[in-house]
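Read through the structures below before going on.
Look at the two complexes coming up: chain A is in both, with chain B in one and chain C in the other.
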Partner chain A sequence: MNERPLRVVIAKAGLDGHDRGAKVIARALRDAGMEVIYTGLFQAPEQIVQTAVQEDADGIGLSILSGAHMTLFPLVVEQLKAQDAGDIVFFGGGTIPPEDARRLKELGVREIFTPGAPLQTIVDFVTRECGKRRTPAA
Partner chain B sequence: MTDDALLRDFEMRKPRALARAISYAESGRGRDIVRALYSQTGRALTIGLTGPPGVGKSTLASALVRKARGLGKSVGVISVDPSSPFSHGALLGDRIRLAEHFTDEAVFIRSMASRGHLGGLAGATADAVSLMDAFGFDVILIETVGVGQSEIAIAELAQTTLVALQPGSGDSIQVLKAGIMEIADVFVVNKADHPMANQLRREIRSAMEMLEWKGWIPELVATQALAGDGIEELWAAIQRHMAYLNETGEIEGRRRNAFVHQVRQLAMGRIERRLDVLLEGENSTGLDPYAAADRVISTLGVQLP
Partner chain C sequence: MAKMIDRPSGLGAQPTPAFEEQHRRWEAASAKGRSRKDPGSGAVDRTISDVPLKVVYAPEDVAGLDLAEDLAWPGEYPYTRGIHPNGYRDRLWTMRQFAGFGTAAQTNERYHFLLEHGQHGLSVAFDMPTLMGYDSDAPQSRGEVGKCGVAIDSLADMEVLFDGIDMGDITTSMTINGPACIALAQYIAAAEKKGIPRAKLGGTLQADILKEYIAQKEWIFPPRPHMRIIVDMIQFCTREMPKWNTISISGYHIREAGSTAAQELAFTLADGFAYVEACMAAGMDVDSFAGRLSFFFNSHIDFFEEIAKFRAARRIYARHMREKYGAKDTRSWQLRFHTQTAGCSATAQQPENNIVRVAFEAMAAVLGGTQSLHTNSMDEVLALPSEKSVEIALRTQQVLAYETNVTNVVDPLGGSYYVEALTEEMEAQAESYFAQIAEYGGVIEAIESGFFQREIAEASYRYQRSIETRDRVIVGVNAFVKEDEPENIDLLKITEETERGQAASVRDLRTKRDDAAVRRTLESLRAACRDPKDNLMPHLIDCVNTYATEGEIVEAMASVYGRYTERAVL
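Here is the complex of A and B:
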């Protein structure tokens, strides 16, 4: 049986046009053998979660550099619950102060990566956490 | 999710169940779910959309989805993008153009990585079509990877094949070449505002005049998908082709082709998975390539000439 590649949605939300970071992450995950679905810019939380559901994604990575992270991350968490998709590994990145990152993790965001985080650390995190989600489903 | 729960959720039309079922098919585990649902297939119209990278396939798909939704039809979209032959990863970016439909519950979009398959589709695309059909979508749009000249699997799978072409991409000799130019039921000259668009239309027309046609003669439609221009005409051309298939009974031939395509994918998938395992452990030291191939085939346990 072929090992099915991990599938990860990389998303940009709200009024934030800075997508270089998201593209760098998408490329790194691709090179690590994952299937990366890129949503493009300006997505609403509902669109992001709907995408992850239809794509049967194992994880969602949300990049926010606009300062709206305390609004948008919680809305995605809410949508994941509303769409019965709380098992999808939700992580994010951006210019997010440590105090905000701590609060977001309390809300259910699994990890927050800030500028300077090594790509390999992010790839390892996604491989490990999304991989865990696969195991019980067999 | 157990297979029973998956089937139950699928029959309750839960999108997650359809999404998971497609994943099963992609990893060679689609047998039970596709078999259980196969009797519910055969109702959807299937439209294939192919053409070179960057011609505007996803933008055309988005405009066609908008048109179909305006007519109250539900739509499944399958977008295939290439997998890396090195990492086996993929960057699936066709959704970007389809964003306006993300929250429409009557639209289901699935990106598929080609996972090493040639021909412009993924090995499990046919299964994904069956699953979307059984789920109840009225129209299924299948967008191939950006193709070159010879990826024509889409014509086996879809009832109507649209070939989108780029202004400035060659003269009438290109149109006369074998391969992708032979599979069009409708030619779409997208980016009709491009200065070379009229020239491309003339080249296609003049090339078509040099060929002998029997039955359906491919239509030619100019579109500017981003602005929605020409989409009414394109939809009308698709409808005329569908009507032609139904009136002449050719639709049965198309269905048969799609069936054979699906059977071939399933059979080849099983053979290839087995072959991969055998080749991995193959120790051919001292053998010539023909002898090594004979040995692998005899291990496969099939009788081949």
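Here is the complex of A and C:
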């Protein structure tokens, strides 16, 4: 249906340098045929959303393992609204306790993956949700 | 077989005809075996690091091993069997639990708890802003204050952190790298305010910046100027702090970033040798400082591979220090190390299972001869550990030390065909990595080329794939999964109050101190940064004594050195 492959930004925010998970996910999405833009470390929420908008990305995956998730995820949600990009599928992962994950989903984060989540589950999620964005309810 | 006859002194004594006959029968029987097909069976022929494994190991696998040159006795060069002649009979390892969260006052309370429960030394975990050189009120710090560790903005916080603790009596390990020199200056100043001279201070500073560029990514300045800071610290400590371990060269974070065991071993030792070379290039005698270098390794879940890694580390280090760097003091040949169980082996699913993983990993570290040990808490994959889970982790070490009897005999796996063969394999792989690093021109050049980062990313992806395909099993994750897990474990929460309170207190501090003194000492620090002959440490101690904040000191240094940015490697 869509000739252009799905395009996803994988991001690291704040002061958190744990990039193993982000890189593994980026490679898995790439291997699944998507175009992946990895932001590198220490990005501000504003920059992450800007990158996604400029690159016309379908999704943003944010990885946080430093405990700052309740601050940084909401800031990205805010930026998505501010930059009129609320349709970009925003998901994330990291050391995030279940209760916080629930609150983040209420705030508009589409899904939170914690350590041990199978790559295939993440790939399937991104394929499905970003795919829906490409073909709005016909 | 010819090799065995050449080396009759090795473990592989010449086989008798009866033994050879048994060998042939075993081969025939083994060939008839039918491999298991259940999950996890796809990786039975290799270690977790993809080192190929045989079904069984025998004398022929260690035929090249020379008893005196390769194995020796405990306490004898090349220390394969340990650096102490009596192992843990003379002295157990130090049980050292890494801790820090929230404010200095909260962490101070945890330290008193740990010391009262039989812990031997303290180990400070700093929060992300402190590790990256930002004050708690900096915009970059939002959401991060007190989360991964304790927030230390100035000497004032360091004084609170050690309130009521005899700094002359305990030893303290501080896990900080980019701004390590500032933390050291604060520690010295806090102790001297209590009347304890710096020469009496015992402990370890991580200060291993090379692995930051390779794996952990908590850098501030670029690699080349930072090597000067390291040499200054080592020179200063060698002169003034005889009980201080100047640097803890760390493989832990390299492994956590996804490396194999051999990569952890090789990259860490390569970093260590780079520091040795930098100090020698600055005119220091290798024996004047080498005895105070220490190492920090990961203990992962592949039991025997880890033991082989620790044994190989000692042997490689001893050989290089004596043969390549010409060290003469036996202490300079001895690799001493701290171990932490593998955070990356812990799972968020069925977190109680982590207690069991930690126990096996801790035992591998002890069988490998570690000098000190941190056992992870079961809930660390979800949040900072609760008091209960920290206690279980410490009790795990106590059960190991006092109940299992594994401490009674030195290097109990020495002479195992498998462990000896794997130890040799680890050494060979490390030497091959050293050769590759040398081709780049050294560690810094290899970092700049993204060599380590690529190797690690590749290994971590390969490992993750083997989990996906269920070639490997992780209990509770890709097998034995429990649906609808209860979420009833208690997690420690760091509140927003902590961040607001800490930010307010650093702002308050800036209004109360002698600003002229702060400016004067920062200016002399900047001048010292420009003059490679002037040791930075006395200037840093002057700065912290005026209550200049960490952020201000880092800013002053960055104005001369600049800040590092990484070219991201996928």
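The definition used in the following text is that the second predicted complex is superposed on the first by the 134 of 138 C-alpha atoms of A that agree within 3 Å, B and C clash if a C-alpha of one lies under 4 Å from a C-alpha of the other, contacts with A are read in each partner's own complex, and residues count from 1 in each chain.
The criterion applied here is as follows: contacts are C-beta pairs under 8 Å (C-beta built on N, C-alpha and C of every residue); 3 or more make two chains touch, one makes a residue touch a chain.
Not measured: the values here are computed from a predicted model.
Visitor: With both complexes superposed on chain A, which partner does A:D84 reach: first (chain B), second (chain C), both or neither?
Guide: First partner only, chain B.
Visitor: I'd like to know which partner A:L119 touches here: chain B for first, chain C for second, both or neither.
Guide: After superposing on A, A:L119 lies in contact with chain C but is clear of chain B.
Visitor: Have a look at where A:E46 lands relative to chain B and chain C in the superposition and call it first, second, both or neither.
Guide: A:E46 sits against chain B, while chain C stays out of touch.
Visitor: Does the superposition put A:T127 against chain B (first), chain C (second), both, or neither?
Guide: It touches nothing on chain B or chain C.
Visitor: Using the superposition described at the top, list the residues of chain A that contact chain B and also contact chain C.
Guide: 26-27, 30, 36, 38-40
Visitor: Looking at the complex, which residues from chain B come into contact with chain A?
Guide: 1, 15-16, 18-20, 22-23, 26-29, 83-84, 87-93, 95-97, 99, 102-103, 108-111, 113, 115, 273
Visitor: Which of the residues in chain A come into contact with chain B in the complex?
Guide: Contacts found on chain A: 1-5, 7, 26-27, 29-40, 42-44, 46-47, 50-51, 53-56, 84-85, 137.
Visitor: Which part of chain A faces chain C closely enough to touch in the complex?
Guide: Touch list, chain A to chain C: 14-20, 23-24, 26-28, 30, 36, 38-41, 66-72, 95, 97-99, 114-116, 118-120.
Visitor: State the interface residues of chain C toward chain A in the complex, per the touch definition above.
Guide: 128-129, 131-132, 134, 140-144, 147-148, 212, 216-218, 256-258, 344, 346-349, 381-384, 457, 460-461, 464-465, 467-468, 474, 476-478, 487, 491, 494, 566, 568, 570
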